[in-house]
Amino acid sequence: MNMLEVSHLSISFGGLKAVNDLNITIKKGQLYGLIGPNGAGKTTAFNLLTGVYKADTGSILLDGKNIAGMNTISINKAGIARTFQNIRLFKELSVLDNVKVGLHNQMGYSTIEGILRLPRYFKIEKQMNEKALELLDVMGLKDCAGFTAANLPYGKQRKLEIARALATNPKLLLLDEPAAGMNPNETEELMETIRFVRDKFDMTILLIEHDMRLVGGICEEITVLNFGQVLAQGVTSEVLNDPRVITAYLGE
Amino acid sequence: MNKKKTLINNLVTYGIVIIGYAVMMILQLTGSLSSSMKGFLVPICIYVIMAVSLNLVVGILGELSLGHAGFMCVGAYSSAVFSCAAQELITSAPLRFGIAILVGAAAAAVFGIIIGIPVLRLKGDYLAIVTLAFGEIIKNIVNIIYLGVDSNGLHISFDASAGTAGLGLLEDGRVIIKGAQGISGTPQDANFTIGIVLVLITLIIVLNLINSRDGRAIMSIRDNRIAAESIGINITKYKLMVFTISAALAGAAGALYSHNFATLTPAGDKFNYNASIMILVYVVLGGIGNIRGSIIAAVILYVLPEKLRFLRDYRMLVYAVVLILVMLFNWSPKMIEWRKSVAAKFKAKFGRKKTANEAEGGAQS
Amino acid sequence: MSFLSYLVNGLSLGSVYAIIALGYTMVYGIAKMLNFAHGDVIMIGGFVVFSCMSNLGLNGLLSLLAAMVFCTVLGVVVERIAYRPLRNAASSLAVLITAIGVSYFLQNVALLIFGADAKIFSPIVNLPNLQLFGGELSISAITIITILTCIVIMIGLTLFIKKTRAGQAMQAVSEDKGAAQLMGINVNATIALTFAIGSALAAVAGALMCSAYPQLTPYTGTMPGIKAFVAAVFGGIGSIPGAMLGGILIGIIQILSSAYISSQMADAIVFLILIVVLLVKPAGILGKNVQEKV
């Protein structure tokens, strides 16, 4: 049961092939890693998957549906949610509201019902509050619900971004360098959180990472990108021991 | 937890408006209101609505709009045309004015959509310049529009050289808009009570919108457009929604305007770039995104030039200097640091005094 | 023949707009602010020239020089007092509103000193018209001088930016202020220089514009300021050739629309064309569509 099938995906920017003939297959419920040196094309691949860029060639099948060429909003509705390399929270909104925005397409009421404060407004708002608090609880952020997002410490901001992505009820969760800027303790906690999210929500997760402990610790299979091309693919332990990967990426 | 705070906040805002209304009415009934203040009552309502509706675009959606007065112009003209044309048909002033307000709001909303559409692809300063352009276009058009009504129906002409003759009206015809001379004889149906009612309606719409699913979506676009897209927020829909609602409210304010004065012309600084900028100043000084602030700022800044009359020729100069100083004081990071350190020193001083007194009191007992 | 005449006038007016737009676009590109007071610096420049010529009896060129010096000092002082403290403010709207305050200030100072009635401006040069095609086409000296001045300024500015260290510093600051600072570039001095050049250009524009359209009031600068802003955006804000192109096009469109369609609707037509162009090219004609990094 494949959640994601990427075939022959390529994109060039002004003559430079940023992603060249990318092929990845991710099974449902898998924890998959995408690694490679800086500039290898990992975030570009994410941007292709989420419709920020349109690929020159290739197809992207999400749970059997071709999403290549769709725009970001439609792709999210189709079931991909992502977090960003530089955390993109709604800074002025509360932690709770950040997640409630994520619930926007899952439950709602019309503008008129909102402005006139008809009964449906109260009913759905209550449901949204409950669901949002549930998600925050799962991520250990329930106590921060009322805080302004900008005031959260870095590690919690990352978790909030994940909570918000989960609120959109995705089939595939893309995490772009979730451990960036974290110390070993925080990374350990993050690894547990990611594993927990996969188990609890039956989620398929694709993550970009530089932290090899995290990659080795939770990713079942990985793809190594170098200069936009696949260098190696497969079971994590095998790929990480591949001499080509070691020389190209890990040094000695 | 958060909801209660917001609710109380909003109730305070409504309270301020209602109390303001009550105070003004009492002053008016006891004859304590100067005639100049009486003349301010409806305009204050107008500019409060303008400031609040602009804040929706600037503070909640996060886009700079420099043509807001253009919507007020559309609302003013369309509502006045309706009232003049319907003067004989609908004799009940409240009913006629009520419909006129709706006409003004609807016409402005249509323009809000017309402007919203090209603006969808644009961001930041490019969006701002298009709003400015639209404001100027509207002002230009209104300068050369001629409109008349006779038994054949409505006649419109844009021929400035032909003037009213270009309308080709029959004997029984009546000219409503005379080009640059505008509209005269609009029934003066506006009053303070209706003005305050419109202010309250504006507040209900805006505050309820902000504290709703759509409001959160709009603010998410403001805070991080790319993230908002990535979680499925329809940027286009909400940009259009905000422009339309904001324009409609400005149109209603325009209806208040045209029914408050005997003549309506595009001359002066009522509907042009300067007017749009003035409202933007109200919004920024009151606090970007702060609806209550917009109300207070609009009231104070509208009345201020009047109160500065004793300065005579130096009035606007002082206004300008005060504006610059207030901006520097409130927004300069160095100033903010300085204020914080002063406040901290203040607290420290009073904190020490308190413990010294407590020690004294304890020792004495 | 009348078409040629209009075209030349449009080119001249466009040159004025281009000079103003250059100042606008430079300040925007380097200090990242929309200087709403720029149009009023033009007006101040015009008044200084006027005062020098009528009260002090100086000739046109000396008056122009005086205006350039005055406006340069004014621009640098205003930047230091009113804009620099807000450079890192929480919202970019703060410095915008302050600029509006400066605009009000300049207008009212001029109002207090000179009054609201229109002053009749004498052209800064008094040369005979150029007669072409056996007298059928008459071009005023001011028109030619304006166009030439614009070309000279554009070439001079481009050389300055490319060849001098100060100019390259300006480019660096416009691309990445933080990095420029880390490279040892004095950002404060660079921005001050930008305002100095922009204000000097505004003075030149004021002198040329008032020489061609001799009615000067404290509000004379507002509309040209707006048109120049439109021109800068039209050509792609932050782009020097764009500002030049935008200014010239706007000037030509305005004059031709005024002559052939309607003088009252000329402004509206200019704005309408702007909107249409931005629909097709959202970053302006020569603007770069800078994608935000995701």
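Labels A, B and C are assigned to the chains in the order they are written; within every chain, residues are numbered from 1.
We take it that contacts are C-beta pairs under 8 Å (C-beta built on N, C-alpha and C of every residue); 3 or more make two chains touch, one makes a residue touch a chain.
Note that the coordinates shown come from a computational prediction; the quantities given were computed from them, not determined experimentally.
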I want to compare two interfaces, A-C and B-C. Which one has more contacting C-beta pairs?
B-C
Give the label of the chain whose average Cα location is farthest from that of chain C.
A
If I average the C-alpha coordinates per chain and also across every protein chain shown, which chain's average lies closest to the global one?
B
Whole-Å distance, C-alpha centre of chain A to that of chain B, is 42
Would you mind pulling out the distance in Å between where the CA atoms of chain A average out and where those of chain C do?
48
Centre distance in Å when chain B and chain C are each reduced to the mean of their C-alpha atoms
31
If a residue has to touch 2 or more other chains to count, which residues of chain C qualify?
294
Where does chain A touch two or more other chains at once, residue-wise?
52, 84
Which chain B residues touch at least two other chains?
226
List the residues on chain A that touch chain C in their complex, please.
43, 47, 52, 84
Mind listing the chain B positions that touch chain A in their complex?
1-2, 204-205, 208-209, 212-217, 219-220, 222-224, 226-235, 241, 289
Under the stated contact criterion, what part of chain A meets chain B in this complex?
50, 52, 72-73, 76-77, 81-82, 84, 88-94, 96-97, 100-102, 104-105, 108-109, 111, 114-117, 121, 124-125, 128, 145-146, 164-165, 167-168
Can you tell me which positions in chain C touch chain A when the two form their complex?
294
Please name which positions on chain B make contact with chain C in the complex.
58, 64, 118, 121-123, 125-126, 128-130, 132-134, 136-137, 140-141, 143-144, 160, 226, 273-274, 277, 280-281, 284-285, 288, 313-314, 316-317, 319-321, 323-324, 327-328, 330-335
